[in-house]
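These notes are about the structure you will find just below.
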Amino acid sequence: MEHDRTIPQWETEDTPVSPARRGFLMLAAASGAAISVGRSAAAFTDVPFAAADLDDDSLIGMYRTILQIRWHERRQADEMLSNPDYRGYNHFYAGQEAVATGVCAALRNSGPREQLDLVYSSHRPSGHAIAKGVDIPKMVAEMDFRATGMNGGYGAEMHISDPDVGFIGADGMIGPAPVIASGSAFAFRARGSDQVAVVFAGDGNYAAPHFHSTLNNAKLLDLPLIYVCENNLYHQYAHYSLSCPHEDIASAAAAYGITAETVDGQDVVQVYNAAKRAVDRARAGNGPTFIEAKTYRYYNHWGAPGAKVGELGAFGYDPLAITHFRPEKELRAWMQRDPVDISRRILADWGVMDAARAAEIEDEVKAEIEAAFEWALSQPLCTPEDGLRHVFAEGTVPARQFG
Amino acid sequence: MAMKSWMYSVLEAVQHEMQEDPAMTWIFELTPPVASNPGRPVINLETEFGRKRVVNTGIDENWMASAVLGAGLAGSKSATYIPYQGACMPFEVIQNVAGKLRSMTGGKASMPVVWIIEMTGQTPGFGGQHSCYEEDSYYMHIPGVRTVIPSTPYDAKGLMHAAIRSPDPVVYLYPAGLRTLTEDVPDEAYEVPLDKAAVRIEGSDLTIVSSGAGMPVALEAAETLAGEGASVEVIDLRVLKEMDTETIVNSVAKTKRLLTVDQSYYTLCPGAEVIARAVENVDGVKVKRVAFPDAPPPASPEMFLWMRPGPQQVVEAARAIL
Amino acid sequence: MAMKSWMYSVLEAVQHEMQEDPAMTWIFELTPPVASNPGRPVINLETEFGRKRVVNTGIDENWMASAVLGAGLAGSKSATYIPYQGACMPFEVIQNVAGKLRSMTGGKASMPVVWIIEMTGQTPGFGGQHSCYEEDSYYMHIPGVRTVIPSTPYDAKGLMHAAIRSPDPVVYLYPAGLRTLTEDVPDEAYEVPLDKAAVRIEGSDLTIVSSGAGMPVALEAAETLAGEGASVEVIDLRVLKEMDTETIVNSVAKTKRLLTVDQSYYTLCPGAEVIARAVENVDGVKVKRVAFPDAPPPASPEMFLWMRPGPQQVVEAARAIL
Amino acid sequence: MEHDRTIPQWETEDTPVSPARRGFLMLAAASGAAISVGRSAAAFTDVPFAAADLDDDSLIGMYRTILQIRWHERRQADEMLSNPDYRGYNHFYAGQEAVATGVCAALRNSGPREQLDLVYSSHRPSGHAIAKGVDIPKMVAEMDFRATGMNGGYGAEMHISDPDVGFIGADGMIGPAPVIASGSAFAFRARGSDQVAVVFAGDGNYAAPHFHSTLNNAKLLDLPLIYVCENNLYHQYAHYSLSCPHEDIASAAAAYGITAETVDGQDVVQVYNAAKRAVDRARAGNGPTFIEAKTYRYYNHWGAPGAKVGELGAFGYDPLAITHFRPEKELRAWMQRDPVDISRRILADWGVMDAARAAEIEDEVKAEIEAAFEWALSQPLCTPEDGLRHVFAEGTVPARQFG
């Protein structure tokens, strides 16, 4: 295990160079440096810069999505820290927003069900959900167990799901989701559809036996599956080097003969470009892609009501929540490369928006999120007896708790 | 209508559904989806529907079961045939994901999938993992999954149609020892409901309840008992989840005597549930339970055949409460 | 002797056995084997026994469970702590390999291993896979594996000693909701037998049988009922496999009334087996069964708390047969 | 999937050259050619030829073991084809004998339990069992369900086991055995023992999710585990290319950073040498090795009483059992490189034994096997009630079949 366990390595010499859309941008210069993408990274000069060809609205849409994810969480954290009636919890996504945003921007997120691309999420789903286009107020309501929430209060954070936008949903388990996603990809191929299936999974998922099944069968059957590995370096209290002998998890996928690349997960443009290549490949019938996004989460593994502002182990945005297993300097180094900042800087550099417009958008997003919480937290709670519904498609099961 | 074997009847249903729905898929492992029957065309799903819809990859039953689940979530009906050796490999995904997903999504997840899970033929001589009959209980405890266990070719076909058409995930247990059964089975599609037990013989002195591979044993025993003048009602559970309490209770209310017959291990065999439901609802019932002991089946035919409940043991147990 | 928490009591047993036997190993995943207790030294198995004997690799509960099995077969006592999310990941290897290996080898395989399988705290608000309580039934049907489920810190420690010392593989279910219990627990090693239920309260009008997380509920209900003048006997199964039939039958023969209380899903909950054994052995018993409905637990506390059996429901069910 | 599906490739140019012990032998010349060992093969010139340093008795011992396995099976096949009372079945190992023999010759097979190397077998165990040194008469008795058989008639072929020689035993399942074996290796490392754990697994085992768990954890923990993949090209009715995207399964193991090599499984010397290297590595604390032995089985997947001599689908030694999925010319080509012939030729070439001694040994083995069957088939059958024993270490479980 020769992994660097302290801070991400800034390597200036092999930084990918993006020929800018309306100028020329050295991302490295703009952001300090791009993270090392390892030996298995695709040669960036060989491929078109898909993001650079997007229209302004789409680019601004990505920026907006990143902000929605960020502000949903900040708003929720406020709720947890200050509202004694609030009950929702979250596996925070702050720091990783560019991954979900970049990937989902390359997908079909609306239209008839039989054309939607499907996203399988992890136990850390709210970012993926927002990026895939779920109704934010309904999601907020679900996370606080409201009867009118996205899933009627049955699922809460770890099981949010909205098939209407192709968001198959969260999965509280480590292991099964990628295999199941490969089954959706199998179905697409079998019925001759050009849909793709995407699964987001953490570095923790690498060690699960399901990892092998997923990649092996995706390769054997040439499935339109995109496996997005969000390597945020830790699974709960453990660094990924404890469970994975590869420095780049992508090399594990490459061993199966699957196209695999690592990207800087803090840079939405890099993520989008990789996703676009993967989606094009899958739609053309050329099989699976594995994308390892190097990223980092700012908060603790998980946050819930009851934590106190400023207390060690709380998940407050500021001061930082730093526990012993994650060195403070590592966290601070990653925060220097914040996905919000990077996306804002890129769009500014490309002339897509200026600082004033950027601030305006942020205010719009804040207001939108504020309204979502206001609506959600005024929604009705669930009816106890409804717990007997939705076991099967029809009917209810008998109550048994009364003997 | 013609005399058909078990597997031919089942594949006839699958073939029909796959013809109706061009999106439907089938995943297999050891057992190619091929069946023949005297005087009937050979059914071969692989050649008829092609290797895009009908696939065989490696020995990975968890992938098979998970893949059909993913296909179902993507809107494609899907079924897989899990050989008995792998019968519990997909247990976790069925129990923890499929069984909970409809509820956890507040009704948004639809899973029109069928896992055909083979149980061994309980062939004497194989022992351990190659001769056990126990999956009925494991799968039966799972909520959110309909678990059925046909005991005749007719039911096997009708339950397969119903299972494939259901938006609920279905564990379709197949006791492979029944493969040799044949009976008159209609050619056209028909459904056997996913929530009804069948009264195979009506009677008033004693209720015998069994399922799957226990049924031939129960029926043979009932015949012997009838010959002795006992009026025995025989119920084939057919559906383990949701178990048809009404049929059981109605019968036991009449006979006041209940004998359950299982090839599954005694502790928490399906019969335990039958007995509990009966006595919760009817007072003064005499009960007895015949099952495989709580021991892995030994290979030696001498040991195994002594341990596996047969008609004679059932007859004797019945006499004890008649 | 001192007031000790659940986890401290358990790790005290493990620490003792690991000190006694330098070959013994421990595999963990999320939960570092550390426990502290007021006035007592911190127990940290990892620092005390080193990273060769105490390991943590990836999120792969099937490897964890299989690895301790392999360690046991190699002659090293071994235990692992499976977090509740992975409670059924190792199901197949426990059911199909460990449970059968002693029998299949004609007694040659010895497996001094313990799988501590956490069941959730059933915390309201988590739903689905993070709030279910169902593993008792799955593991209980397996032959060849001793399945225990302590409900007090004292039993938790004593059963842990017995489990580690046993040459039989043991599934040691741990309902994490009981983690907050404390009681006086001896410092020295002692065993609680792997085959005996405990009569927690003696009585003559009604037998309540429960286990694990159902026990605090059953005891609270019994207290209320006692206040109403009913003489209630409360039995803690403690061992699901081999279930202690004798203690149940003796009690029910006396009370003629049986109420089972489970947090597990109704169909094939442990209570079904208790009821079946009772009525097979005792005539004229009035029975009732309280359990979680056959539905995955919804996240909403409003729904969940209504569905989870509590003391009030148990009291009412008891009144109905008293 | 670019595998050659017809016959093994004879490649003369990169044939490993064995500097002979008492002469010089081109195995390729002697046997037609060695099988291609693929890109991941070890460089044979870098390592000592361990087998060449063995004493005559050990070398002859290997030859004898190969013959024991072969004649046990031929004798059993005769029984199946002609004795109406015989009930034993087998997953025949004929054609693969050199693999078990070469591997087990490098292990500690006798002595106190806490020093024995452990072997985990597959559903095709009789060859591994004999090579590990089990009592053949007791094994024969077990396979015919005799009370005095190796496992008291409880296990029969797919579950034979004898811990006294470190033969943990057969495993009828595909998947679990390698993971469990890694647990034994973990225990050895934990208690500071120099024992090694060996698992034999077929090409079919590659696709099982357990494959990943085994290799990943063996690597992470540097376990003294030797994974012997017997790639006989088929799992039941399927060629391994249907389940594996690698031409050499060893490359899948190499991806984890595990020392991996492919060897000619027909040549006991090559197998032994690879096993010796692996055992030395493991005992020295240098972690796991993956050995892929390219081999072939002559008979059907499985054979049982009731088959008729000469009928297609029977497993008779001659005429050959050839079913549609295995091309006849493939089988015939592999039979040209019979492990019995190859080992005999090597020992002759090395001057270890002459033709007369070779024939004498074969006669001794035949007589030994004959005696084993005679003893075994006169042993008592099991007592029905004993089925209630051995569920737990002590006592019996209650009978329940009588209600």
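Remarks
A, B, C and D are the chain letters, set down in written order, and residue numbers restart from 1 in every chain.
Quick note on the criterion: a contact is a pair of C-beta atoms (placed from the backbone, for glycine too) under 8 Å apart; a residue touches a chain by one contact, two chains touch by 3 or more.
What you are looking at is a predicted structure, and each value in this text was computed from that prediction instead of being measured.
Chains that touch both chain A and chain B are the following: C, D. The centroid of the Cα atoms in chain A and the matching centroid in chain D are 47 Å apart. Look at where the CA atoms of chain C average out and do the same for chain D: the two points lie 41 Å apart.
In terms of their C-alpha centroids, the spacing between chain B and chain C amounts to 30 Å. Averaging Cα coordinates per chain places chain A and chain C 38 Å apart. Counting partners per residue, chain C has 57-58, 60, 62-63, 89, 92, 96-97, 103-104, 127-129, 143-144, 242, 288-289, 293-296, 298-299 as the residues that reach two or more other chains.
Multi-chain contact residues, meaning those touching two or more other chains, occur in chain A at positions 153-155, 159, 173, 207, 209-210, 213, 216, 220, 242-244, 391, 397.
Chain contacts in this assembly form a complete graph, since each chain touches every other chain. The touching residues of chain A, counted against chain B in their complex, run 113-114, 118, 149-155, 159, 161-163, 168-169, 171, 173, 176, 179-192, 195, 197, 209-210, 213-214, 216-217, 220-221, 389-393, 397. Those residues of chain C whose C-beta lies close enough to touch chain A in the complex are 30, 32, 56-60, 62-63, 85-86, 89, 125-130, 259, 266, 288-310, 313-314, 316-317, 320. Contacts from chain B toward chain C in the complex involve residues 88-89, 91-92, 95-97, 99-100, 103-104, 127-129, 132, 134, 137-138, 140-144, 241-243, 264-265, 267-273, 275-276, 279-280, 283-289, 293-296, 298-299. Residues of chain B touching chain A in their complex: 22-23, 25, 52-53, 55, 57-58, 60, 62-63, 66-76, 78, 92-93, 96-97, 102-110, 143-144, 146, 166-168, 242. Those residues of chain A whose C-beta lies close enough to touch chain C in the complex are 87, 89, 145, 147, 153-156, 158-159, 172-175, 204-209, 235-238, 242-244, 381-388, 391, 397-403.
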